[in-house]
Amino acid sequence: MPTESSNRVTLSLSNRILARPEVGALVAAVIIFIFFLSAAPAFRSAESFFTVLYQSSTIGIVAVGVGLLMIGGEFDLSAGVITITAGLVNSMLCWNYGMNLWVGALVSLAFCLFIGFVNGYLVMKTGIPSFLITLGTFFVLQGANLGVTKLVTGSVSSPDISQIDGFDSLSAIFASSFKIGPVTVWITVIWWFLFVALAAWVLQRTRTGNWIFAVGGNPDSARAVGVPLIRTKIGLFMTVSFFGWFVGMHLLYRFNTLQAGNGVGNEFLYIIAAVVGGTLLTGGYGNAIGVAIGAFIFGMTSLGIVYAGWDPNWFKAFLGVMLLLAVLVNLYVKRMSTARKVG
Amino acid sequence: MTDTLASHADRELNKGEPLIEMTGIGKSYGAIRALRGINLRVNAGEVTCVLGDNGAGKSTLIKIMSGLHPHNEGSLKVDGEDLTFSSPRQALDHGIATVYQDLAVVSLMEVWRNFFLGSELTSGRYPLAGLKVKEMRRIADEELRKMGIVVKDINQPIGTLSGGQRQCVAIARAVYFGARVLILDEPTAALGVKQSGVVLKYTAAARDAGLGVVFITHNPHHAYLVGDHFIILKLGGTALDKTRSEVGLDELTTQMAGGDELTELSHELGR
Amino acid sequence: ACSGGGKEATTDDSGGGANAAGSSGYTIAMITHETPGDTFWDKIKAGAQQAAKDEGVTLKYSNDPDASKQAVLIQNAVDSKVSGIATTLVTPDALAGSVKAATDAKIPVVGFNSGIDQYQQLGALMYFGSDETVAGTAAGKRIADAGGKHPLCVIQAAGSVALEARCAGVKSAVPGTENLQVNGADDGAVVSTLQAKLSQDKSIDYIVTLGAPIAIDALKAMEAASSKAKLITFDLNTEAAQDIQDGKIEFSIDQQPYVQGYMAVSSLYLYLKNGNDVGGGKAVLTGPSFVDKDNIATILPFTKKNTR
Amino acid sequence: MPTESSNRVTLSLSNRILARPEVGALVAAVIIFIFFLSAAPAFRSAESFFTVLYQSSTIGIVAVGVGLLMIGGEFDLSAGVITITAGLVNSMLCWNYGMNLWVGALVSLAFCLFIGFVNGYLVMKTGIPSFLITLGTFFVLQGANLGVTKLVTGSVSSPDISQIDGFDSLSAIFASSFKIGPVTVWITVIWWFLFVALAAWVLQRTRTGNWIFAVGGNPDSARAVGVPLIRTKIGLFMTVSFFGWFVGMHLLYRFNTLQAGNGVGNEFLYIIAAVVGGTLLTGGYGNAIGVAIGAFIFGMTSLGIVYAGWDPNWFKAFLGVMLLLAVLVNLYVKRMSTARKVG
Amino acid sequence: MTDTLASHADRELNKGEPLIEMTGIGKSYGAIRALRGINLRVNAGEVTCVLGDNGAGKSTLIKIMSGLHPHNEGSLKVDGEDLTFSSPRQALDHGIATVYQDLAVVSLMEVWRNFFLGSELTSGRYPLAGLKVKEMRRIADEELRKMGIVVKDINQPIGTLSGGQRQCVAIARAVYFGARVLILDEPTAALGVKQSGVVLKYTAAARDAGLGVVFITHNPHHAYLVGDHFIILKLGGTALDKTRSEVGLDELTTQMAGGDELTELSHELGR
């Protein structure tokens, strides 16, 4: 037998870095960042940067959950409206029954987790694609948000809760900001970084992460080797609900009142962030940091267009072009990393 | 090799003790009846070979044993206990490890992750406990080398391996984790002569370590090299059920092929 | 826990003398181009419901922001053989066919909220509402009088004909007007987008929001961007009314949606019952009227009841 | 060898009917129909039925194309806005340059087919999932619709074209209606039936149909046996664009003017119709008649709620519940058909 | 059986005439070099057998011949013409039909549709021409029966067949449509003795009808039954390249296994 080393390969460091799923998104982010730096003078300040980060964080927090879920091979279209549901449950319960806001927040958390559970349970038990099940919950929540709010408060927005007990501590947790020099840093940005780091750790370095990749990549094989398929997937749906709840709390404690019809449409922003960040739509591949970069690209693009002062009628067109560019750059980088020959 | 197996094997196993007993097992997929009236015993320290034509129901049979599909008829006893598995996890918990013909691996995941999937090594029991990545890589690489499989990079997605290499990873995994019963569905089909030899040696080693082994194959030669008990399925029913002492390689081949076809063929092909 | 700020004891002010729904035997369909969940439309609905209650009419409300689907909803009402139809006419050309189908079926049609120039031509009997362009122009004039040069008009739903008309009105009075599109379904995004705009263009001296909830977001953005611009808004809600009283919002252009809803139903009732023609062949204007520091004190209590 | 017939099966007729992909949707449609018949008195007339058919046809025509595309394993999120693009191109070209409307309609057709081609070409050449590529085109078209209309007409709706040459003949083709007794039948309903029949034929009985199933079920295998993968998929994207154009023409010639911001959101109705009708989200399975029934279920539900006079605040919630029910019934019927034992 | 083949075969084929010639062929997947410096000739009326360990590059080699992957190095001549296939369609148009190890069928489609996929029978050339469904069903059923495969319902999705049955359909298809060159990637691996015999007979029949056949297998016995020319790959390179007259079954087995392992094994396993 000839020596085995003859076609054994050791990838060079640069190749190994290029092969990571988030690198493509990172390169795209840097390019877009430089582009806006040169195109939009107003973009060139720390304040602007942190406004972008704030915007990205409100998308990015839920996107972390959606990204995990997508790696696990499922979708959640109810992730956008559930943020509003979370806030409404909290505010209306406390307003109607005079509860402490903390109680309401916890009830709301339980409720959101329950919805996530129902989503997951239905998907697993019926075998109907999650796209459809969660589309159903999306519609139901959207209708219930409006219907219940109208019933309880007589109008389509929730009552102002800033005078109810517990507001201060909750808003410190979910919706405070602090200054570094002239720059306002919202706490959601910090939370976002934390959640991303946590998710990255879970995905790459824990047993749960391994299972998430497996149930997304090949659920039958995963089940066959003893991965608890149902538990893992339901857990993922509940994770998304948790992050939805978290952003809902932020919205509630930042704005004190919520419009019952809001939240619609954001579910796709989360999916976009995940996919731009290198997550495979069909599941089984992706990475939390990539998803965060995806959210950042989205935040940067949507605000960058404003900073650049472009014609607002063309807003969506610019957004579309940027999105396509980001995806193309991402792809190009990935190709480069595998095409490079060794020795 | 034998060391690994022996060290992983259950010390409580007594040769000849029945581990799995099936009586009158039957299974239908909707309108299609794939299996009926099957009796089968898997004893500790013995290799039970299941042979049969394509579509005879071999894979269906082992999918029942390993909890992938529940059976419709008959009874399944594991360690004397009457059971219907509702998930592969249950079967694994009873020490039944399986290499499937068509459900081997998750293509997009790295080789070592596939190797340890479902049985990861962690540094603790709490949910966020880190994986012992280095150790897992080392073990996976080692075990594959023992089977004569040198993958170019243990971190490459398993989907980029050749068909046979993938099969090897699945077998190495089952052997490494197979505690009491090891089920192999056509493990040697996609393998070269050398790799087949390695698998057969593993099978024998598992038997010697006291495990019960179910070995499915089309190749009577391979079966006869390691088998203690032979079952031939035909159209979902049992066509032959004999122990090694009752049957010879010739009869096995004849039964399998409905005549010593290979020799006949050789004449027919005129070579 | 004892807490302030919760639900206040409510008094049932529906009063006596209200009729049971349907007691007059009429069914009236109201069809709008509402995007679900808007406080403005909620008030139109509240007015319509009150009128239905007062007059014993059965009210069927439906809505779709897409003109072609609104047309189908009108067709729907015709199929249901309702006694009268009240519809917004934001896209008169697109709705002409359906309105004609209704009048052909001898169902009286009343226009409201938008379509002041076309309602007669389409065959609608009466009209209650203001004119978006006129309202915008009025707001623009007031900005110009106060010395505004560069207002920012914030559109919360891209491509909406009504919202575009308001901004066009403002621009006709103040040529320096600039439009901005925001995602009205996400308050967080509204704030950061506005914040970005304000730091991009420091010369913005007025912000015109086209809905009360957006005005509240705009206040947050102005604070974050330390902008000195002044804020005016279309429409009202409790918070916006409060902010007008507190002087944070200069004024609001109110078109009294409650009245539009109420009158649309009542006029149909009167027409069916009595052959009345409210407005005497002319459109009845419900706005634009200005709500500012001077008159907010009287209006504030009503906003809490969702009637202004 | 024992007799081969021992486990050979012949499926009974009823089983074979039950196994067809559209039967589940049909049962769901019948149940929902009966439900609304009893819940909504206004629903019980031929007029209402044909209004529902009309509403279904405007969704259903594009849904046929989207269904084919989904069977072929791809998505098209630009299918909703392209209807408006089609109409805008036609009306603004003719209004601005004083062309005959026929010329404009043909230019618009060519333009739409070109967009379909670009979608397909990018998907096939870059390997980026169609979800992303067409999301890009979706944004671009949405922005361009608004931007160009604003530029050309100064407002956000297109000019009235009913006085321009060619209007009468075009509106006879795309947007006429006739009366049968008191009932108005829109020509789109006829077109819809024709297109569905054609698509059903193509799918089941032609070589092209075979290829569509194959490229959706397993593109690599299909390519390996010589199916022209790229051509088939690009063709499917262009088919969707064609149907989008068709509905765009209907909208234009029925309403004379178009709002540039419309059409958004419809892309999901098409997908919903296809999936409720039994199309597999992952491709390779489905059927044109099923898609038509899916569109009918959607049309019936959304108008049925209005006919029943239910609280419009809860509209979406009802819609969600109906959707889930339809999918569940569909599933249940499918299960029944395979679970029935023979002999 | 031979009739079908002969009737489908190209009349222009002359025994011994080179159909495919590869010289110095090499192929890399990104950083992984799967194949290098391969020379291979496929002659009309001869069976070229390619053998080798798992991961040796056998599948890669035939994917180049059949247009699935373009090669990076060397030249590929078909009928004397220098070519780089950019799609399987091109290869098919040159009369090269292939049964792939891992790309056999579209699971969700009916058996008969899979059988005719890419070569459907239509009642005319215009785009909407109807398929001859009845005829296609009949032919598919017939051809499968000839291979000894009786599927329960020719209309069932092929994904519900057993692994071996699926493989049979793919082979039957390639044989049925294989006009000039027939490439089989481990066709007998998943098959029972009887079905393997049928495939070998087909292979011989194809050869006798004048087709060039490339036969990939792990089984030197099967290879020797039909082969005219033997190539053994090792780690992407050629390890042996001999005609039937130059090599015996023993040498082949030895070369494949690095020693007569099976016999040795039999000793080792002590049976």
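Chains: A, B, C, D and E, in written order; residue numbering restarts at 1 for each.
Please note the rule applied: a contact is a pair of C-beta atoms (placed from the backbone, for glycine too) under 8 Å apart; a residue touches a chain by one contact, two chains touch by 3 or more.
Given the structure is predicted, the values throughout are model-derived calculations rather than measurements.
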item	value
Topological distance between subunit B and subunit C, in contact steps	2
Chain whose mean Cα position lies farthest from subunit E	C
Separation of subunit A from subunit C, taking each centre as the mean of its C-alpha atoms, in whole Å	34
Rounded Å distance between subunit A and subunit B, as computed from the means of their C-alpha atoms	42
Between subunit E and subunit A, distance of the C-alpha-averaged centres to the nearest whole Å	48
Per-residue overlap in subunit D, given as positions that touch at least 2 other chains	4, 7, 9, 11, 142, 146, 313, 315-316
Residues of subunit C engaged with two or more neighbouring chains	36, 158
Multi-partner residues of subunit E (each touching 2 or more other chains)	32, 152, 258
Parts of subunit B lying in touch with subunit A, wherever the complex brings them together	66, 68, 87-89, 92, 98, 100, 103-109, 113, 116-120, 122, 127-131, 133, 150, 152-153, 173
In the complex, subunit C residues that touch subunit A	1-7, 35-39, 42, 155, 158, 179-181, 183-189, 192-193, 195-197, 199-201, 213, 216-217, 220, 224, 237-239, 306
Subunit A residues touching subunit C - in the complex, by the definition given at the top	40, 42, 45, 47-48, 51-52, 54-55, 58, 94-100, 142, 145-146, 150, 154-157, 159-165, 184, 250-251, 254-255, 257-266, 302-303, 306-309, 312-313, 315-316
Residue ranges of subunit D in contact with subunit A within the complex	126-129, 131-133, 135-144, 146-147, 150, 268, 272, 275-276, 281-282, 311, 313-321, 323-324, 327-328, 331
In the complex with subunit D, residue positions of subunit C that touch it	36, 58, 60-63, 66-69, 71-73, 75-76, 78-81, 91, 93-94, 96-97, 101, 157-161, 164, 168
